[in-house]
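Listed after this line are the structures, all set down as structure tokens.
Shared chain: chain A. Partners: chain B in the first complex, chain C in the second.
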Partner chain A sequence: MSDTRDVPFRGGGFVVVPKRGAAVAAFVLLIALWEVSVRFGWISPIFLPSPGSIVQAFVELVSSGTLWKHIGQSLHRLAFGWSIGTLGGLALGFAIGVWSLSRAVGLPLVSALFPIPKIALLPLLILWLGIGESSKVATIALGVFFPTAIATFSAIDGVPRNLIRMGQSFNLPAADVLRKIVLPGALPGILAGFRITASIGLILLVSAEMIGAEYGIGAFILQAGNLMQTDQLLAGVVMLSVLGLLIGTGLTRLERWLLRWR
Partner chain B sequence: MELVVEGVSHRYGEVVALEGIDLEVREGETLALIGPSGCGKSTLLGIMGGILQATGGRVRVRGEAPVGSLNPQTYIFQDFALLPWRTVEGNVALALEHHRLQGDEMERRIADVLQRTGLSEFRHAFPKQLSGGMRQRVGIARALAVRPAILLMDEPLSALDAQTRELLMEDFLALWLRERITAVYVTHNLQEALRLADRVCVLSRRPGRVREMVSIDMLQAERATPAAQAHLARLHDRLWGLIKAEAQVAEREVVA
Partner chain C sequence: MKLLRLAVAAVALLALDAAAAEAQQLQKISVGLLRLSSSGAVFIAREKGYFREQGLDADLKIMTAAQQVPVAVTSGDADFGVTGLTAGFFNLAGRGALKIVGAQSREEKGYQLNAYMVTNKAAEGGFNSLKDFAGKRLAVTTTGSTFHYSIGILAAKYGFDVKSVTLVPLQSLPNMAAAFKGGQVDATIAPVTVARQLEAEGAGRIIGWVGDETPWQLGALFTSPKAIAERRSTVEKFVRAYAKGAHDYHVAFNARDMTKPAGAQEVRGPGYDEAIGILAKALEQPAERVRVGLPYVDAEARLNVGDVYNQVAFWQSQALVDRTVDARAILDLSFVKGHFNVPR
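Now for the complex of A and B:
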């Protein structure tokens, strides 16, 4: 070989580089564009009020105490519905994941009932339980129950069998195998299910409150829409967004604490 | 304690994995189980350890377990089988917690096995923080904590790199020489079998049957010496001769 050359670099690109400022800048730009569009009359404030007026409506809701009345009702329904659905789903999912007979009976039932949109059952639940709180809580609980059951038994199925065999090889009692191996092994999958069911719970909460409630974020949004108070309507949507964000943050912290070994 | 395997057969549905296995594992000896892929070595080990139920025949133990043995037949797993959510100490403790040991017996046992396996400094580490070799040491420490009479090892070094394998093999040898625990050692690796075993049981291709039992008439401590190499090489050729043709067929079977 007479001459030497550098080997050209060919490995660039296709790497995700964090650009933290970009997201904030895009967000600020979008809001500024929105504000300007309304102020200059390019968009009618009746159909889309400016971000400033939404903030003003939000502040008024906070100071008048209306916000807490609606949020309090919504949180109450969500907490009850989600807890009941989650406890039931965990119990059924655990039974399907661990016992063959429960799986043979429960799995076809879950598969058949899971795809039904649970909000479609609200009129039936109102007939059974009345227009009060029970029917709304039951709708949320039903919506949460099936995904929790599916997440739980799938997570149990995903626990490596060799860990269970290891426990058996050391003569661990069956209860210890479940408590010390199966349950902690399934926990990441169960917690991932919680994230999904929290969103489902929130969607069903708003839908149920729009159908028959005096108080609650869903009811507030519907009333504001009926009165063409779009600034109040969007303030309600902001409330929902903040609520979803807070629930997501709470679950992330719970996950970090429970799965700190990862 | 000795292990006696009498006429053991096993089926997975229509597939006959093992057929008519008769063998004895003598007190204090290390028996290596080798054979082509899919010959049923791990199945046989599972049956010996009572975590698989044979479809035919039986496995019995003869003699008494040593004083303080909490789990006479104890497994060491190929993939370590450690609980990732427990620390090193917690993984060892798992094998002891349900025995309700008196006073600080559990803490003493844990401290003793961690010291013997060189893990004392890592007692609070999680498995993900350890190398493959250290993880397998945790598996060994967990097994030693219950003071086993018979160790059942399912390819314990196969998931490790060559250097770590060599280091752990030396640890195993030291353990054998010090404690003379009866052991059954499943491996694909003929060198491992020749370094560690007193006898090598060669299984045939599926259905697995005992094809030949080869004694290695040399102390383990002498096998690393240059003088032993020619003899071990002859034994290696003999063992390879017994399994080579069937290993080729098995390999094509697995690929197909």
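Now for the complex of A and C:
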């Protein structure tokens, strides 16, 4: 009966431990390998320009002063398009999540309209809104709207029912149930949706700037592609990546602040 | 009886063998191109067996955008390419990936291929002449496209600065047509089918044709420098078959009667119906649509060499093609005799 033995702690692993240098080291190694392969002629620069030539293209952009114009115009479109799409998506998502009637109407609508490729609609958008800023902003807003709506109502569906019931049995008014239980409970899911829609916005920037844009990162990438200037094309792609990284970091901060109650 | 059957089988086998041997002798090559009548020489040469005569088995790789053709030749997916010349083409060729060996289609007087169009609003505002492009908004597919060069040489002809025209790149013909219809631009340069459609819908007016104003070398036949160095005889055979197709095209389609007051009138040459049939099948379009907008194709694939030099110089002046690109280095004029307008 007294047959006891020590049991070692088995709960280790599967815990995220911050490893600060690893990501940077991996990036550096990868880029160095890339540069070396082009330098030694293992990869033809026609097929893959070296990181050095991409930096060169970047430097030219900075020195000609067009870089900030490209970034400024794109950020402007992104900010407007994303905000409009997100506000609309949040409103529809909440309506679907909270009221049965709007769910009955809204859900099939979202399912029917979401899969339409926005690029296919470009000629129509041009006819409706012209080739100014509004059609570019609309392209991004449309792309952001549906995923936001879906993320929002899914997040609301995911709020534990027992918490809502509890609030109701304590006689909380409906507005308070929404504000103090549903909204905070749905917030993590909504913020995860933001992460996706921010990337979708960046992707759609290229489609949006297909519409007669003179400046913008998307317009720059398109032109470089058309001219087969592959180093500039990749410089544009790097810009999008860096922008994505910055927005991602910003969202992480926002998440930490908004979800500090956890 | 049994003997007879055996004999029949033996003969059949022999015939099969011969066919297999012939197929084996044929050298497999591939051509990248678009389904356009400007590539008619290739379609005709293939259909009429001119490649086979040269011992080649030509596999057509149909692309959907002009930009893909030089890329396919660069990457080795196609041995030859025929398509329109763009700034992107010269950037690739300038890096030693491509060499032009012959001509495709040309803008030529009397051939309605691409039209200058103005919107109704712009026309009412007094934009009725080709000299009025300065300060206007022009819809094009892309920066560096054939349309961009067309406005460039028009500017040189009428003495306005091409930089004073605001180019609005819309990436595709449908987008371009939509912006034109909506009055978002003042003008566009559109292929004949699109231009006729826009005119029929009352969206604007055609005020001239590129071929009538500024004839130029629209497209070319090209291959990789590696193919020329390592398989010169194959390139020679290909060019011979291609030129034979171009000759048939020339005989059937190129004749024009310039004496008519209404302008150049099409004259149907020998083999017209057959050639139209071949093109209609290759382009997967009804014959009536093929008849409209048949471009000029040189009978022997001869290039307007001076214009190719001029194209490179124009793109360089617009900072769209690298300064180091040398027109002389991207041309190999040894495969076709009689190239004209050759700079010294």
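Throughout what follows, the second predicted complex is superposed on the first by the 231 of 262 C-alpha atoms of A that agree within 3 Å, B and C clash if a C-alpha of one lies under 4 Å from a C-alpha of the other, contacts with A are read in each partner's own complex, and residues count from 1 in each chain.
Everything that follows uses one rule, which is that a residue touches a chain if its C-beta (ideal position, glycine included) is under 8 Å from a C-beta of that chain, and two chains touch if they have at least 3 such contacts.
Note that the structure is predicted; figures quoted are calculated from it, not measured.
By the touch criterion stated above, A:F14 is placed in contact with neither chain B nor chain C. Of the two partner chains, neither chain B nor chain C is touched by A:F40. Judged by the touch definition given at the top, the superposed model places A:Q168 against chain B, while chain C stays out of reach. Within the superposed three-chain model, A:I181 lies in touch with chain B and out of touch with chain C [touch as defined at top]. When both complexes are overlaid on chain A, the residue A:W257 reaches neither chain B nor chain C. Shared-chain residue A:M228: touches chain C; no touch with chain B.
Residues of chain A that lie in the contact sets of both chain B and chain C are absent, per the superposition on chain A. The touching residues of chain A, counted against chain C in their complex, run 45-47, 122-124, 126-127, 130-132, 210-213, 219, 222-223, 225-229.
Partner chain A is touched in their complex by these residues of chain B: 49-51, 71, 74-75, 77, 79, 81, 83-86, 94-95, 97-98, 126, 128, 142, 146.
Those residues of chain C lying in contact with chain A across their complex are 67, 70-71, 74-75, 86-89, 91-92, 95-97, 139, 142-145, 168-172, 174-175, 177-179, 181-182, 184-185, 320-321. Chain contact summary for the complex, chain A toward chain B: residues 162-163, 165-173, 176, 180-181, 184-185, 187, 259, 261-262.
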